[in-house]
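Consider the two complexes below, in which chain A is the common component and chain B and chain C are the respective partners.
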Partner chain A sequence: MHIPDAYIPLDQAIVYWIIALPFIIISMKWAKNELEEMKVPILAALAAGIFAIQALNIPIGMGTSGHMVGATLVAIVFASPWAGVLVLTLVLLVQGFGFADGGITTLGANILNMGVISGFVGYYTYTTLRRNFSQSLAAFGGAWLGLFVSAIVCAVQMALAGTFPLVPGLKAMGLFHLIIGFIGEGLITSIVIGAIAKSRPDLLEENRASGTERAKEALA
Partner chain B sequence: MKAENMKFLYAGILIALVLSVLAPFLASSDPDGLESAAEGVIEESKMAELEEMEPVVGAPMPDYAIAGMGKSGEIAAIVLGTLLVLGISFGFGKLFNKKV
Partner chain C sequence: MITLSDIEHEAYKKSPIHRLDARVKLLFALAIIIYAVSLPRIHENNGARLLLLESYLLCLGLLASLDFRYFILRFLAVLPFGFAIACIQPFLKPSFIESFTPYPLSLPFGLSLSYEGLAFGLSLLLKFTVCVTTIILLSSTTRLRDMVIAANRLGIPGEFTLLLSMMVRYLFLFWGMLRRIRVAQETRLFDIWNKKVPRKWILTQVGNSISSIFIRAYEQGEKSYISMLCRGYGNGHEKYYYSSKIGRKDALFLLAGLGYILLVHFLPKASLIFI
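This part shows the complex of A and B:
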């Protein structure tokens, strides 16, 4: 879903940069105020893994492929969508400047779609589903919806840019990312969260939070 | 720095490097969702025009490849990118974190 320079006129691309910038700055503040120093290796491992897995396009049929985005995964691990924004910003910067995967003028839009929208929708869908469903199902649902909504937003941006006609663009982007979201995002996020929950349950911030709550209850 | 977290980092690096080496062989070369949608909904002449436009800022390894190096160049490009992201995010995290 990396938008190339040619797909968005410069004036609109700048608007997306202006919208994305406060989110990027707050994600840096999140690191400064919330990221524990001992968790830095976790952040770096997730960022490297996401860069690598984004190079692995999965065929979804219809002559189309797609790959994981990963913002929801990072947000769930750190119990904060800002962590997802931060990691995707770093990954997208390297992809844009190093590999021409996504434009530089459109980097703001790409950070907005893949870092902010997919991460926030994914994480808050996860926490909502988590109240009634298992962790793996909630992770699947959150990651899937996060990717799907970001693709819909991307289709609207393409229509505003005059690049795609609105309705056919929405249909094509929606259909492809509905499927990419199932395999590339939902399934992988659910598996990785499951693996972390099993091997390092202490890493998932939500487990630590509930642990503190339990300690508080015990004291009360 | 907790030893267990360093172990997680090493495991993460290993998985990321394995994915980086396999990606040029396993990744589908079909267009991604956005490109495929573009091919489906944009008129051919306009699509050709869009495809001809160069990125505004040139990148050293466009399309995760090194010119003239074939598959080994693709592996090298993705491995380099993975290590770069690793270094940048580690360095960034070291610079910006909650000092306790």
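This part shows the complex of A and C:
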């Protein structure tokens, strides 16, 4: 889903940068204000971890493999979509400048798709599902929908850029990411959230919040 | 296969290009990429202009004594997606083209080629090649750490470059961890394509590897924070970077690069067609 340079004309690429930039700035403000200072090294290390995780192939079936994006995963752990935006911005920047994976002019569009849309759609789907379903099912649904919607937006961007017609693009990207999202993003996110809940439940921000509430109740 | 350490190994070489200030290289790379992307989608001079830019970049690559095999491998690693999209352009009818001139070639399955599609596909492929070459050149002659420092000096906010510089530091750690996981899996004959093993089990194993990287990354962050506290880190502390000045050679490199872009752009039409 990394759109390379030149596949979106400069004027449109600038528009995506203008849309993505406020999200990046607000995510920085979030990291500064909402979090304890401790979160700075944690977010940086996590960004490096997500970079390695994105390089790990996941078998999808029929001879194809995919990789995780991870925005929803980070958003669920920190209980905020801004964490997903910030970590993915860092990862995409290093991928773009260091590895020519994705582009420089198209970085705005890529951050918008994989960081903002995937993070926000994924996280809010998770919180909505969490009311009625188990944690692993909610994480699965959130990560899957987050990736699927961002793939659809990516197909629309390519169509607007004139590099790929809309209907076949939607079919190809939609169908491909429906399957990749199911296994690569959905299942793996739910496994990872399950593993964190088992081994380090204190890492999940929602557990911390409920923990403090429980402590307050106990004191009262 | 090119790995993170290969790229950093190239970036540690010594050459006139490696010695240039990272700010200058970053600005030059941005200028080339923005110029290449800004060229019209279809134009008679696109081919010549982009080829001239590419040849300049290759000359710089030679000057930086980059390994040829490494260069080609890196290029091939990012090629597939861009190449595929560019190659299907002659068969598509992009929405921004109003009238098509069919190419006199009959193809099976009702496919047809158009001159406009061919021109667009070719210019897309050339633009992509120029942009990728620029990034390979930049990342093979500039260490990631220096790039972050350059970004800080060019005015990117300190909080952001602090995050980036820490991320770059841990990048190699987790890359090494990923490699160890892969080696450990291979020694136990773990193969994600093995059809004799239940798929669910394979996915659980991959999920476990990813969980372990994620949790270790988080714990690394916690450990680093504690060690930072031991060294007196507190809220509002800024990272200090060593100072450096842009020398005459650096300025000359940037001016030559920008001058070349202008030259390529304003070169008389006749000479471009000749090329």
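The criterion applied here is as follows: the second predicted complex is superposed on the first by the 198 of 220 C-alpha atoms of A that agree within 3 Å, B and C clash if a C-alpha of one lies under 4 Å from a C-alpha of the other, contacts with A are read in each partner's own complex, and residues count from 1 in each chain.
As a working rule, a residue touches a chain if its C-beta (ideal position, glycine included) is under 8 Å from a C-beta of that chain, and two chains touch if they have at least 3 such contacts.
The shown structure was predicted, so the numbers you read here are calculated from the model rather than taken from an experiment.
Student: Based on the shared chain A superposition, would you classify chain B and chain C as clashing or fitting together?
Tutor: With chain A aligned, chain B runs into chain C, so clash.
Student: Check whether A:L137 is in contact with chain B, with chain C, with both or with neither, and answer first, second, both or neither.
Tutor: Neither partner.
Student: May I ask you to decide whether A:A155 touches chain B, chain C, both, or neither, giving the answer as first, second, both or neither?
Tutor: Only chain B; A:A155 stays clear of chain C.
Student: Contacts for A:L203 in the overlay, against chain B (first) and chain C (second): which applies, first, second, both or neither?
Tutor: both
Student: Report for A:P4: first if it touches chain B alone, second if chain C alone, otherwise both or neither.
Tutor: A:P4: touches chain B and chain C.
Student: Let me test your reading of the model: by the given contact rule, A:I53 touches which partner, first (chain B), second (chain C), both or neither?
Tutor: both
Student: Figure out whether A:T64 sits in contact with chain B (first) or chain C (second), or with both, or with neither.
Tutor: Touch partner of A:T64: chain B, not chain C.
Student: If you stack the two complexes on chain A, which partner ends up touching A:P165: first (chain B), second (chain C), both, or neither?
Tutor: A:P165 sits against chain B and chain C alike.
Student: Touching A:V15, do we find chain B (first), chain C (second), both, or neither?
Tutor: So A:V15 meets neither chain B nor chain C here.
Student: Kindly classify A:H177 by the partners it touches after superposition: chain B alone (first), chain C alone (second), both, or neither?
Tutor: Once the two structures are laid over each other on A, A:H177 reaches chain B alone.
Student: What part of chain A is shared between its chain B contacts and its chain C contacts?
Tutor: Residues 2, 4-7, 28, 31-32, 37-38, 40-53, 55-59, 65, 90, 93-94, 96-101, 103-105, 163-165, 200, 203 of chain A touch both chain B and chain C.
Student: Which chain A residues qualify as touching chain C in the complex?
Tutor: 2, 4-7, 9-10, 13, 28, 31-32, 37-38, 40-53, 55-59, 61, 65, 68, 73, 77, 86, 90, 93-94, 96-101, 103-105, 159, 162-165, 183, 187-188, 191-192, 195-196, 199-200, 203
Student: Considering the complex alone, what residue numbers of chain C touch chain A?
Tutor: 7, 29-30, 33-34, 36-38, 41, 74, 78, 81-82, 85, 89, 92-96, 124, 127-128, 131-132, 135-136, 138-139, 144, 147, 157, 159-160, 162-164, 166-171, 173-175, 177-178, 192-193, 199, 202-204, 206-222, 224-225, 228, 234-235
Student: Okay, in this complex, where on chain A does chain B touch?
Tutor: Interface residues on the chain A side: 1-7, 28, 31-53, 55-59, 62-67, 87, 90-91, 93-101, 103-105, 151, 154-155, 158, 163-165, 168-169, 172-173, 176-177, 180, 200, 203.
Student: Show me the residue ranges of chain B that touch chain A in the complex, using the header's touch definition.
Tutor: Spelled out, the residues of chain B in touch with chain A are 1-2, 4-6, 8-9, 11-13, 15-17, 19-20, 22-23, 26-34, 36-38, 40-42, 50-51, 53, 55-64, 77-78, 80-86, 88-90, 92-94, 96-100.
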